[in-house]
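Consider the two complexes below, in which subunit A is the common component and subunit B and subunit C are the respective partners.
Let's look at the complex of A and B:
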């Protein structure tokens, strides 16, 4: 009898543990999401919209100065949003549906993404909504559920968003796997879905027609680094790839390898390591033996930084070193001299200065805030937290939708879809243009990665070194 | 109310009510499942179909696991391995070799059954906690193997082109088709579960659950009985894995072999009442409806895991034998009808 009692207890212990774990993350998410939802709804609405509108350098001074004007504008906006929703004929409430990973392993990145998206929504609403040419004011409302970072219920939740909550537009969950499952539902109900935080190419090669990608796809994560290498030193011949054996990194590196071969590089080493690797000795020995001029690869933060440190300790003479994911993280600087000269791709960096002027130069339309305005609004709204590129991606997904609604001059899905198909735009996040071919409809073809390099400028600093038009410094080559 | 016992009732003289009473243990579960299947048609809402898909999937998986866990008392913590492996084999055949869904499902079931047979021969000699630990290890090992297996896409996984749904009349029809296929599979697994429960083979399993040594002395060939129970409980998860990932459109090692899913299956079996036919159905329905409700309710959606955990704790604390077990204990009249 005693044994019979044991099993339920053990089971429950495990379950509760899992629940607590999830909720441990949840609290973090909640503090961020809730305080932001609350404070952001009020405070951000003012500051964010204000900064965007005014382009003021000093936000605080500005807010202080504008409080009265703001409150006035805000109350009108709010009452307008509230009352017009059912009374006035010239207004429309658009529902944006998405799931967030409030629990589970994608929690941190997903929270950033959702914060960015929420900031966009708040600033649009605070500015009085999106105005169409016939005077209709489009205001936004979000409906969101927790997808728990797993695919079990993603389709159920997206069906709920599409049918029960009558979401007009969808935003993807975070990560390629969840997005692939959600995309099937978006397509089935003909809902336009802007994906962000979903880099994998394969989702967009499934024959979908209503899904549009904001991120640079995985296949182009490292191609820019090869372009940079070729431009910096045309004499380089031998390239090595050492990468983490995971879905994302493998996809990235395989595409980069093909590209490197097409550029005429000789691949002297192509090795995957286990995601839990802590000792890169065997790989470093192989690198030493094959003597490449450039190394590309890595995977995520832990393994990437360990790899960089061990490579520096062994004094391997390599001219060009690019790693995925790890270098853009501020913590990468903890490596000290080992970080110097390391290059990494990023979807967005605050140093990258896309402006209306650079848009005019490139012959593109410009839309939305500048990077500085976005960063100010974000730090203002989220208690001083710096936005990660996930957050910027979330905001950018919103901007893409907003511009498409404006361009279509309607919220009709077909019109918005047509506007997205024809979109060729520059935002603070970068260039946005979608593939419209049948084979890979919705794949991002305009946006490209930004490459940062850790340089010594009286202390370790991230500098944008590629693409040339967004660069803040020349590339440090060869790597010291 | 006099109920004729099975030995006394001679076949020709049996009335319809007598037959109904005899098979009530099968008819009640089937009735409950048929109601769940009909629910989307009754409400006419797509969301009901999606919600009931999750519920039916859980019922079918929990019922499969119950054949091993409930009847023979062996806890398989890594049962999701069959779901994942079957899913992978079927998905590979559908995406690379362009098989249709049904043969791919059959292939998924066969491969899972085969794996269970081989594993059963090896690890079912372990008892109790050691067996449970071994099943976890196997799940992790198979996942690691698939992560390094290039034909299955390695860590990248595989995706299904959206165009394949056109073979089934379009994406919308494919979703309905998946639902009804799942419905059929659920009915099959319940019928199998009932006949195992009432057969001599099932009695052997129950004897093993109570005391394996005593069962062997009484003539039950324990290793064989356990292996076949393991195989039976593995086939349907393999079939359902193919169906789930077909509907999902993509497959990756981590979601396919998610250990947490295994634990949920065990919880559902325990909640409804292990070792009964109806139990896993009530457990699956109850657990998934509760989670679905909490996940989408405006009040609970931010603390849904904590609330679900607390509720399950209360239920299992006060009704350790599960809902069906509790009913059977409290209402003697139900013992004959609820199996």
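Let's look at the complex of A and C:
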């Protein structure tokens, strides 16, 4: 009887455990609300204090002017001289705030992104900082925390970055989900944030004004793969979409599905899986039953590489296999033969050949290092590790900010924002231009994806297979 | 219908592994009425054990399992003496909290040592085909090993002196002590066996799924469902219930989106608690 009585205990603790495993959205909302309230209160207090001080100063100044004009004039002159001297002599330290997923499921991609960003910061500081026209040298200082790949932590930490740490500019965390949480905070505190590693369109379609996207948005992630498929084999009819149930992946596949239907493909399977999935057996059996010619989908690194591995182990005969995010990562090669023939959209590859000449041809401004210079600097800084596109994205986010500060000739947020709105730039990462309409302000409209495939040239290596003008090899079709 | 059969076989093979994970949980409950909330992290440690022995020392994963099993047994004994022994006669909440603390300690240390990045044991036995059904080698071997482990546990419990002691302590600890059974050592041994089973299941899972130090949590939840389904304290029931859960996981996705799997699993869990709390398979002792 005692044992039976204990069963509710088991139930209780299982539910507690289940709750711990969940995203804890309620908690997130609560925390955000609390933090906001606190901060707002502080801000109000600060402003009040400032206003009082200002008014007091004004009053004093007025009185001084009335009484002895000479003294007042002297004081003003002195103060002005002091201020100018301070600014001209030196330097202004700008705080760049961001979080890194040092732990949790976004760890691999986030580490690359943060390494890239850090490299940009180090190279700017090593070159003596960013010099403005009045001689001010802007140096960079990073403030960063581990967000544990967790939305709650992102909200807490970006609030902290914006308030306690007084960050001048923010860079997004990695992944669309985390960035969506950070973007709201950035907007709330009026901080300019360059997002990288965050492709989901919807973040930029909610009326934000201070958030700018470096990546090609999700809605254009897989459309090129469908173009490639159609050009390679016009006879293909059946396409399956299997994707992670996350903000980013669903955004990608829904746009791709619409596009596939417009091209006349039959969608034989369209199904999502839980982000924590490790067993793709049920999907693979479904795929086998629906016999598609092409599979598109995936999500992030861990699930994508697992999916590719299990698909290969099950010997599924499919001609064309495109996964999001995972294939361009150098670690994807650890899958061995399972990686062969897998195609993936990439924001950037080191073979990409954007140069100052191609910028001139396209009538765009050129800024920053070439791909080769970036790769050399990166491998030098990180013990020979090759940069992934996440790393390039991190560096590019920095470049965008740097160019905006130069263009604005100031670190004033409004001036930088105006410079970003007007930006039309070519970097080693590609074309950068932001949507400035109210409906989707900050959405990237200049950059576009390239598609890589793992091929065997005496060892697995990535080749660019699309777009045709940038291709380094023909597509391996059908997939072995 | 091939599709259904293939999914069912995949699920059943996985079910054997769920079965031995749950056996570990249910054994500890059966012997000492302790719900071991450090079960999940120990499964994860089993995964990391196989991963490091294989990738750092190059030892075959199935041989690595032997070391992982021995490590699990010792770790279980250690956890018993450090965390459980002093509160074994205290109210149930104390042992729950004690093992939950161990859970937090392992996860904390594990995250510091291994980070939370995904790992993958780069090992495959390929696959083979029966008719139109493809079976993965690693899953088949895992199922066979799980059967051996179950058989071994059964022989140990029913044919060895220590097994008899364990059963005696399960039935009535006071009476067993009066008969000269060293109950403290037997409790430590049982706890060790429970964690050993958890570690073995983790090691087997590592041969076919990627994992992180946090990956044990979902298998712990499955172990709860399986244990309740099979009847808490009933190791053989746990294996059968593991197969049922595996079959459910295999078959549901053929008719519904896979996101429904956990929903239906936990609905089943609550139904069993409400209508048949002693589990589907009755224990001998109850």
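Please note the rule applied: the second predicted complex is superposed on the first by the 255 of 480 C-alpha atoms of A that agree within 3 Å, B and C clash if a C-alpha of one lies under 4 Å from a C-alpha of the other, contacts with A are read in each partner's own complex, and residues count from 1 in each chain.
We adopt the following convention: contacts are C-beta pairs under 8 Å (C-beta built on N, C-alpha and C of every residue); 3 or more make two chains touch, one makes a residue touch a chain.
Quick caveat: nothing in here was measured; it's all calculated off a predicted structure.
> For A:436 in the superposed arrangement: first (subunit B), second (subunit C), both or neither?
Touch partners of A:436: none, neither subunit B nor subunit C.
> Output check: A:285 vs subunit B and subunit C. Expected answer is one of first, second, both, neither. What do you get?
Only subunit C is touched by A:285; subunit B is not.
> Does the superposition put A:188 against subunit B (first), subunit C (second), both, or neither?
Once the two structures are laid over each other on A, A:188 reaches subunit B alone.
> Check whether A:273 is in contact with subunit B, with subunit C, with both or with neither, and answer first, second, both or neither.
So A:273 only meets subunit C here.
> Answer with first, second, both or neither: which of subunit B and subunit C does A:103 touch in the superposed model?
both
> Considering only the touch criterion stated at the top, classify A:334 as touching first (subunit B), second (subunit C), both, or neither.
second
> With both complexes superposed on chain A, which partner does A:353 reach: first (subunit B), second (subunit C), both or neither?
In the superposition, A:353 touches no partner, neither subunit B nor subunit C.
> Can A:230 be said to touch subunit B (first), subunit C (second), both, or neither?
Neither partner.
> I'd like to know which partner A:164 touches here: subunit B for first, subunit C for second, both or neither.
After superposing on A, A:164 lies in contact with subunit B but is clear of subunit C.
> Does any part of subunit A touch subunit B in one structure and subunit C in the other, and if so which residues?
Subunit A residues touching both partners: 4, 7-9, 11, 14, 18, 102-103, 148, 245.
> Taking the complex as given, what residues does subunit A use to touch subunit C?
Per the stated touch rule, the residues are 2-4, 6-11, 13-14, 17-18, 21, 102-105, 107-108, 148-149, 245, 271-274, 276-279, 281-283, 285-286, 288-289, 301-302, 305-306, 309-310, 313-315, 334, 336.
> What does subunit C use to touch subunit A in their complex?
Residues 2-3, 6-7, 10-11, 14, 33, 35, 37, 92, 96, 111, 115-118, 120, 122, 124, 126-127, 129, 134, 136, 209-212, 215, 217-218, 220-221, 224, 228, 232-233, 249-250, 252-254, 257-259, 262, 266, 269-270, 273, 277-278, 286.
> Within their complex, state which residues of subunit B touch subunit A.
These residues of subunit B touch subunit A: 45-47, 49-51, 53-54, 75, 147-148, 154-157, 159-163, 171-172, 175, 247-250, 252, 254-255, 258, 260-261, 263, 266-267, 270, 292, 295-296, 301-306, 308-309, 312-313, 316-317, 320.
> Where on subunit A does subunit B make contact in their complex?
For subunit A paired with subunit B, touching residues are 4-5, 7-9, 11-12, 14-16, 18-20, 22-23, 26, 30, 34, 102-103, 145-146, 148, 150-153, 155-157, 159-160, 162-164, 177, 180-181, 183-184, 187-188, 200, 202-203, 205-208, 245-247, 250-251.
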